[in-house]
């Protein structure tokens, strides 16, 4: 099935690149969504089976794949609306956009399921390619700059990951096997050479931070989310981040079973804390709503990795948090397009009184804000609370204190800007040109946010089991 | 013989750090491609012939011919000035490159390892960090690309070191090489040349929160 | 001894807070809602719509209902409390143990109070049903030209108090004194500010934000820097433990000398 | 039930005795003992005059004020016999229900928009604020001494044995008397007979009340005296049986009224800005009682 999926997606993607007919484009993209759904169902039914040697439908992969499929459906819907509404649309840009979208979703989904570190790496490379096509959609100078930075940083990061893999093969040399699958690595974790493994982890971690949006390489991701069209930015800040997480997490599981556990947690903890710090620095200052949302993602990835670093209940909380964050943040980015349609601007000074112009949309923004800042009725409150508890359990009280302080600042800054957008009238805003937007465009966002709340507050036993299964190999 | 080639490779880094003209950079890159061709041949003699041919073709055709030619084309087409215009004086660059090499040698001493020729490790890591240093210290976008190509060469050296046991990794390295180079060089450098008339990295600093 | 002192301070503080609350809320309620308008606005002063008021009334009603029927609220509270303490077997039944049964008496007493108020209001209405009810200007002790300005303001209401505790306040005064035999205009405006807020909240917040501002160079738009972060991160993570080991070795070496 | 009847009876003549004492001390005959009650009955028969500034707050405030005093009365026991309301910590309820009444009387005064009444309200709020700690510390130390937290249990177990406990009882009685003076705005702090608004506290707050409302406020004042008198009596009653206790109660109430009358006759009112200091002194005295209680109960470490 995975071959059918890959080949089918590549064919659909290629057809999209070369066919510029409107009807054909949309038929193809929906065909792809059908394929994606079918594949997801197939993966769920073949739980824990391995296909084509390199892909295993394991618990973490299934969770992430489900997340990706759920998000990709509204992503296509909103891309459709976005492309049809944008002024500079050409058949070529539309075809490129949807082709890249198909390739991106396919690559990300395959990376989730890959059980071999090199295969994950290959798909990561492919996401860079497809994501850059999406970021460059507008074809202006700033988009070009954002794309250039994204490509360059991602290329360097991919190189880092590759170097890490090379080091890993050195660390693995004593075993005498050339199979770098996670399973094999875990089986021989006692034989790994620690000093090479240390270097390998460091390089792989640093490399994947570009996709995850964590401290050293987060920079280009922020620019990319700023310049990409709303639906593409939603994918970049949800499923692509999940891919970075999967890349780090699967390797972390290997490292955690050696004596490097403490050191690796420390490295992750440092990067996570610095991410939170950077997020706090910029959330206060940033005036561009889209960049603010991107920094908020940096903050949440910091929290997720803090959970990983703290261990214990933190592992569970981290996976739950990243899934919930994907839902909420993607709905926020989907909503951004409506916001932009109303105000034709993304500077917070020029936005305001959104409730008056688009009540449903404003409601989505409000609910998403409540969820993103993890206020109690939202699902992310639970996961964030558990992350704090894991920090508490691991006796990191000072760290917890500083983190809470930074979060307070972040929430303050976020609330200040969001409330400005929702309630305070903008200066010199011409009301006559405001388009009337159909409330139906917000339905998918409501579903995503509501789903996140449901999953957080009352996680279905199957999700709990899947998460527990994914962290089974970690020492508690 | 291998050792000699690798040392020449290291020396080429020093030369790169004091080079003034853009064409020198391109020529050094071509030279490194040729060096890698021989290193690959000597190191990987024992692997699958087809695979070996692929690797050798990649080094000689892609690294030492296609890329330099394309770079020269870009230089001419976009009327890029011939000077490298680094932020720091060449003298300092040389010192920093030396420090990098010395540090990697020291670092390699701390690794208790018998499976790897330390020469590879030193050359690869110092090439990596020198490349990163070039990116960080040069002004033009095209020099960034060249820095990236230097990094790729370093990674290639490292992948050759383990290539005997895991040829797959060398192939992956080649894939990265071609993929990233084509993406960066082919698509983007051209595009940037079209959109921005003068390819100075200072023009690409508008996306910021500072 | 320390615990004793702390008990004394806690009791004092708790008792004092009740009085302070009385003062604070009579001030706030009295100055904002009662009497004549203390300031004439250029725009029309009107109440907001019922939709905006309804939530406030709902919250107020909830507060009173919890006071009158605490049991209902506590029963609702048990489940979430159990969720967070994680003790499923906790024998937590409302009004048993923990001194909570007192709440029943308190709510009874509140009922007496409400009942008495209602009875008295009814009596009052009944007594006044045939009597003459006159509406006159407020009694002014012979002063025939009362203006809204002679009313107590927020500052003057607590003047005696702020005099006693002046050292804890920061009061900004804007003043123009009367001059000459036939003074023209004069005004006095005071704006109190909390010293504790100034020192414990404002200064740290401002300084912390300034501190954070120093790190704004990170996203400076220059690709070179972005790559440097990665390099520096890797180098530091590799070298710090090595340097640390070397430093330890060096110190050991010095000790042996 | 007993305490309720007794307090109402005592309230009926308490103020009368004060006025009578003052009259005799100044060489006049003075009105009858029940003149205050007659005044109130007269007020109940009258109509009402309202300020045009005032809102419904002004109309309901006196009723709530009276009710709060009345409910506070229900808390006070007589000796060992408790009445309607008695539970652990009921003295807190007592203080806060009086506080509720005070809140309404203050905002009722603010509602008239008069500068005088605002002034009275401001003073009343300040004095109540300072008086509250004294009451709490006093009751807290009594609770510490006896190991109980309700009025009834405290008074039932309060045995005055050693000399130090007598000293404590005396001090406590003094503090309660002073609190009663503050609550009722009597002499050292406030002169109820003054005719100058600027020197009034309580009187100036009710300038605009008339008829039924004024009657309620006056009745509440009488009740308050009797309530505090009852509390002071309870400090000493202990386990005395009813046939002695009930006459003693009336004697005590009459004596207290006499003392208040004498103070009002022979003392001048404090300067207004000295009042706060005087009230804080009460808190200090109650702290002294607190430490005494600690000493007696052997908890002083």
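Each chain carries a letter (A, B, C and D) given by its place in the written order, and its residues are counted from 1.
Everything below uses one rule, namely that a contact is a pair of C-beta atoms (placed from the backbone, for glycine too) under 8 Å apart; a residue touches a chain by one contact, two chains touch by 3 or more.
Keep in mind that what you see is a predicted model, and the values were worked out from it rather than measured.
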Shared chain contacts [chain A and chain C, defined touch]: B
Contact pairs, highest-scoring chain pair: C-D
From chain A, the most remote chain by mean C-alpha position: D
Chain centroid nearest the full-protein CA centroid: C
Intercentroid distance (Cα basis), chain D paired with chain A, Å: 69
Between chain B and chain C, centroid-to-centroid distance (C-alpha), Å: 63
Centroid spacing, where centroids are CA-atom means, of chain C and chain D in whole angstrom: 31
Residues within chain A bordering two or more other chains: 148-149, 152, 156, 282, 285
Chain B: positions in contact with at least two other chains: 110, 132, 135, 144, 204, 206-207, 209
Contacting chain pairs - touch in the sense defined above: A-B, A-C, B-C, C-D
Residue numbers on chain A that touch chain B, as the complex places them: 118, 121-122, 125, 128-129, 132, 141-142, 144-149, 151-152, 155-156, 158-159, 162-163, 165-166, 169-170, 173-174, 178, 180, 193, 195-196, 223, 226-227, 282, 285-286, 288, 291
Chain C-facing residues of chain A, complex: 148-149, 152-153, 156-157, 160, 199, 202-203, 206, 215-217, 219-220, 222, 267, 270-271, 277-278, 280-282, 284-285, 409
Chain C residues touching chain B - in the complex, by the definition given at the top: 216-217, 219-225, 227-228, 230-231, 238, 242
Touch list for chain D against partner chain C, complex: 44, 46-55, 57, 60, 63-64, 66-68, 70-71, 74-75, 84-90, 93, 95-97, 99-100, 102-103, 106-107, 110-116, 118-119, 121-123, 125-126, 128-133, 135-137, 140, 197, 207-208, 211-213, 216, 273, 276, 283, 287, 290, 294, 300-301
Residues of chain B touching chain A in the complex: 110-113, 115-116, 128, 132, 135, 141, 144, 148, 151-152, 155, 158-159, 161-162, 165-166, 168-169, 172-173, 175-176, 179-180, 183-184, 188, 191-192, 195-196, 204, 206-207, 209
